[in-house]
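For reference, chains read A, B, C and D in written order, and residue numbers begin at 1 within each chain.
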Amino acid sequence: MIEALVGLLRFAAPVAFAATGETVGQRAGVINIGLEGMMLGAAYFAMLGSLTTGSPAVGLLCGVGVALTLGAVQAYFTLRLAVDQIVVGTALNLFALGLTSTLYRARFGGSGQLISVPRLPQFGPGLDAALVALPVLVVAAAWGLFRTKWGLALRGVGEYPAAVEAAGYGVARLRFQATVVGSALAGLGGGYLALGVTGSFAENMTAGRGFVAIAMVTFGRWRPAWVLAACLLVGWVDSLQYELQARGLGIPAQILIALPYVLALVVLVAVGKGTAAPAALAVPYRRER
Amino acid sequence: MKRALVTVAGLLLALVLTLAVFGVDVRQGLSLIAEGAFGDKFGVARTLVRATPLVLCGLGMAIAWRAGMYNIGGEGQYVLGGLAGAWVAKALVGPAPGLANPAVLIAAALGGALFAGLAGWLQVRRGVQVVISTILLNFTALQALSWAVRGPLQEPKGQLPLTERLPDTVMFQRFDPQTDLHAGVFVAVAAVVLTALLLWATKAGYLLRLVGQNPRVARANRVDVGRAQIGAMLVSGGLCGLAGGVDYLGLIGQVGDGFSQNWGFLAIPVALLGGLDPLGVLASGLYFGALMAGGEGLARFNQLGPTLVYVIQAVAVLGLVALNARSRPKPVVDDD
Amino acid sequence: MASLSVRSVSKRYGPVRALTDVSLEIRPGRVHAIVGENGAGKSTLVGVLAGFVTPDSGTVELDGRALPLGQPVAIREAGVDMVHQHFMLVPAFTVEENLALVRLGGLGGRLDAPELAREAVETAARLGWSIDPKAPTGGLPVGSQQRVEILKALAGDKRVVIFDEPSAVLAPDEVEDLLKVLRRLADEGKAVVLIAHKLSEVLAVADEVTVLRHGRVALSTERAQTDAEALATAMVGDSPGQRHAPPASGATTLPDRADRPSLTVSGLCAKGDRGNTALDGLDFTVRAGEVLGVGGVDGNGQVELAEVLAGVRPFTGRADWTPGRPRVGYIPQDRQSDGLALSMSVFDNALIAGLDDPSLTRGPFLRLGALRAWAQGLVDRFQVKTPNLAQPVGGLSGGNQQKVVVARTLATRPDLLVAVNPTRGLDLKASAFVHDQIAAAAEAGAAVVLVSTDMDELAALAHRTVYLSRGRFVDRLVGADA
Amino acid sequence: TGGGGGSTTTSSPAAQPADAGFKVALLTPGPVSDAGWSAMAYRGLQAIEKELGAEVNNQQATDAQIRDAMRSYAQKGYRLVIGHGFEYNGPGVEVAKDFPNTVFVSSSGAGSSANAGAIRFGLEEGFYLAGMAAALTSKTGRLAMIGGPDVPSIRSTFKAFKAGAEAAKPGIQVSDSFTGKNDDIAAARQATLAALGQGADVVIHQANAAAQGVFDAAKEKGALAFGANLDQNDNPSGVVLASAVIVAEPAFVALARSVKDGSYKGGVQLMAMKDGAIDFVWNPALASRVPPGVAARIDQAKADIKAGKLAVPMDQF
């Protein structure tokens, strides 16, 4: 039972990490459509790091580092140049997909071998350090957003950046910090996919998890704990559909595979209009001179 | 004029830089890309054929984004267009083959339109942001396609996960049997003209732009903002669906799992690069089409995976938005 | 000793000289008013003082020490703060959170909003304001929001407090209260800078007055040594023809002609944006040619009433135009958010009024040539100062932006004209222009509903005035001495 | 080339339609880095290069790209274009009409002409043996099959696996699950865990690049697994009991040779165990996990298949 729960947690963890970071980002008005690319880039370099050093911990750090680098690019474009966030995110996704696939093919393409690298060491009922860190990070995100001065300013930036600027805190700096948190957690999510869940890599292995993470933030109404719950729910439905497939109920696999996405959509429709969305989400901030 | 020159120079620079960074002999790389894109009739045809869905979907994105609707569901809408087209074709090819071609196009546009309209409706009436719903709808559409080509739309022998191939008589005319270039490119050109007219010379297009720039002004002038937004999504999805229908009728006459080659996603950078303007979309669609075609040439005769093309595209988009950072139109997001 | 010395400050925006060689002294314990026409450079000047605008040249000294120009935070810490014309409040935050935001003193550490806001809440009590610290700010009436904004500016020990057009959004009794607060702050030894368009307010509270014209100081004087006439002259210059006679005060009552078309409203109810009851059973009639003034303290249903009449807000009850259906023109209260798409061109912003004109459209199509000629006609007729029709409207000054709204609204020759604070933030000349246009529209046969918090405006234009309080009509404005 | 693995596959763009050298191209549905279906074909292509001195080239091409890629290669003087999958058959036959000097061969498919045809790899035979071995090894009497995309070639091998299991142990339960994707390792892992959670203790996959997820899940649950397409016995998970393998090299080389010497005739050619194109390879390291007598039974069945005495079911597609 406990192991099943841990298994579910592990399966949902990559999305949950990324969604937690995205929650912080969106609270600051930053929507990171490039999450998928950050996760994928992190997954590749985490795998590479673990492979070359033999240390999954170092691998995970490599993953986070790469995601942070992509986050810096994102920040430069969205904050310095005030380019639309969705534009930059779309380009980053393309970039990461092209980069990782090209590098992977160059390095491993001809081998015909599946990649298998050291995974994060497990203890107890299949736990590992990152998995234990997940709830801690979720609590930290909630605490940081709602119980610290930084969080107040950050949320202000997501609602009405001019007010925070007038209060004396740089909008760009706060959004940059949110981008850093968001991309570090995206990196953790991608890295964990490679080193916590699979111990392996394949081209495009994130398979849309970054996009799902973005949807989960809305699903969880921009509150870290609820977002985590949303990730677990959708993860549970996703693993449930494999149970149903294995039971051989005769339902076409495609319909079952679509189940978690349809569920998320239905829930969003049911929750309906809410004022929870940060008012300045995805709105570039240009300081008046 | 000056901006056009800077743009062209920037695009070239993005290409050269990416090739150099990945250790490709730049001269050879460029000549491979140029040859793949324009070297001979095959290259030209390849470029135009790739540009066709990019332009159509790109126009769709431009319409939606102009109205402030961040439609990123072009992929799903393209797929649904193909599916709807295949469904109509299945019904019509036997009894009324003469009608099949236009009927497929209409069905494809309707399929895409309804799918995007759903996302628009969800935002307007239920407050679910289009950005989010179209992400989820993309996944759903791909699975729907996957199911349909194994179920109701599968070829009659029931062996392959594909629809039955359309007879040549139903498909678009091809200009040269050796190339894929088909009459569907005219659909794309017509769509450019019509969307330009829509945006700049009709009441509906004006309202759509106004709603995208400041929905509150529109509301204060008794414009039904929700209707304009849903309308924009319908047109947007219709264009993406139409792209699916055109590819279906023009290229392989079959729909299968891999029906969309990411056209719906690539259309976003196309639209942005084109400044959300139909003529700009035409130009950027041709550029991307050439890049895809040239990239295939590069991938085929150089050691690089076709995936490098994605890097080039991303660098080009980032480079260009950086150049345009100051003059780009900024949609105002509705805040209630 | 001078508290704040402005020395030869200049600022250009491209070809526009917003400020040219401006010097003045702002002294502690005194209210220093800055007046001038739209575009005269007032906002730019105080922007420089508060650090939001970096001047091209010149210095500002606070007690002999140079202010770090262009650095709002450092300037605030030095003791200069500003109440913005457009509120700098996060609507989704509670009052307490908004107050805490400016008192964080750095971003490290735990947030204790009630503690951080305590001083401000005490200040509020001292000023006799009752404000619920836990209320969401966005839900408060405008006057209360401004109080929050003022409380923000008073955080810590401020030496200089700047108010940019604070009265524009307030009802008369609120203005009165505000002026008392300004006086009180000055009496506490602060230097108070006030930008206002209403000379009556300026003369009521200021100790010193500086007039800006075309970015230069046209006059700087003690209050005692000037009057409205002199200030108005300094603002617009001496050139004949530029001065406007104040609008004929107290429009004549209209004979009640039953045969004229009229709007008859009965049992009108409507909900506000937050689902509150905004209008609670209104009955009235407006006839063609009549200007019905609607007064009252902001937030008592005026905007909702205007929106219902303009056809953009659902309602229950009856509102009938006889005979037939009226052509409605609507001048919304906030031109920047509801009136104009700032990044679109003057042409595009005018266009919305031309859509229903059969001579300017052909079926679903626009007749672009005809429309351009028509829009140019509007720009000429209403004297909108714009380089061309393609100019983004956000680049015009506030007065010219409002002219675009008024022009396109009146261009449709509406049967029913609904206007909300149509001269807010406009200078005398522009205000008079807008008033003339509204009066002319009524004369030409429009029924006008004029919602305004400005008693003078109502007195000047309205044939009769009704007052709203909590969504119902009351006899006269509570607490107003109009 | 998409393989990018080294300098082995470079070719100059200076295309001479004339027979400057013998040139062979490979089109794959996935990246040749997939450690499965496409990787296996890539090995075959490399063998052609090595043994025939051919100039080789490959590209990932799907759906709308297929015809264009085929024509491009033909135009550049390529004599043989192999499309690795059933979906290349129709386009190959069609394009072949315009390029009589080039041969278009697909892996699977039914259409053919003088210069177009198909090689049908009978991987079902390997899967059949795997099914037998799995059934005889299983302690719980439940087996699982994990597929990536739900395509006929994969379904057909799954049917053969099930048939082999039934033959060895009638009434055995075999489940199948599809993740819909070739690249989602985590999904393959979760699908495997779900199947194993319902009692299965032996699993076979058709998950290509995502197969590591299947093996890891098996390892985690103490189950055994079978490799597919390539010999995956040495997978570090240490759970691969045996692999059902396609040996593309001889088949591809033979094909290329027949094209080179002009003897290619078209038609659909079955390449199966008896041709040495399919094999079932035990993992010696796990020999102890195989119950006694099983190896012998499998050897017997293998011999029967080669001798044509045992017909393994194969779908036509």
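In the analysis below, a contact is a pair of C-beta atoms (placed from the backbone, for glycine too) under 8 Å apart; a residue touches a chain by one contact, two chains touch by 3 or more.
Source: prediction; values computed, not measured.
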Practice problem: Between A-D and A-C, flag the pair that has more C-beta pairs in contact. | Solution: A-D
Self-check item: Gap in Å, rounded to a whole number, between the CA centres of chain D and chain A
Solution: 35
Self-check item: Whole-Å gap between the CA centroids of chain C and chain D
Solution: 75
Quiz item: Where the centres are mean C-alpha positions, what is the separation of chain B from chain C, in Å?
Solution: 46
Self-check item: Junction residues of chain A - those touching two or more other chains
Solution: 101-102, 105, 109, 203, 254, 257, 279
Quiz item: Mind pulling the chain C residues that touch 2 or more other chains?
Solution: none
Exercise. Could you check chain D for residues that touch two or more other chains and list them?
Key: 2-4, 31, 150, 180
Quiz item: Which chains touch which?
Solution: A-B, A-C, A-D, B-C, B-D
Exercise. Give every residue of chain B touching chain D within the complex, in rising order.
Key: 28, 31-32, 35, 40, 42, 45-46, 49, 143, 146, 150, 159-162, 165, 177-180, 247, 251-252, 256-259, 261, 296-297, 299-306
Self-check item: In the complex with chain A, residue positions of chain B that touch it
Solution: 22, 70, 72, 122, 126-129, 131-133, 135-140, 143-144, 146-147, 150-151, 265-266, 268-269, 272, 304-305, 307-315, 317-318, 321-322, 325, 328, 330-333, 335
Quiz prompt | chain B-touching residues of chain D, taken from the complex the two chains share | solution = 1-4, 7, 9-13, 29, 31, 57, 59-60, 62-69, 71-73, 75, 86-87, 90-91, 98, 149-152, 180, 315-317
Quiz prompt | List of chain A residues in touch with chain D within their complex | solution = 4, 7, 11, 14, 101-102, 104-106, 108-116, 126, 193, 197-205, 207, 238-239, 242-243, 245-248, 253-254, 257
Practice problem: Would you tell me which residues of chain B are touching chain C in their complex? | Solution: 200-204, 206-207, 209-210, 213-214, 216-223, 329-330, 332, 336
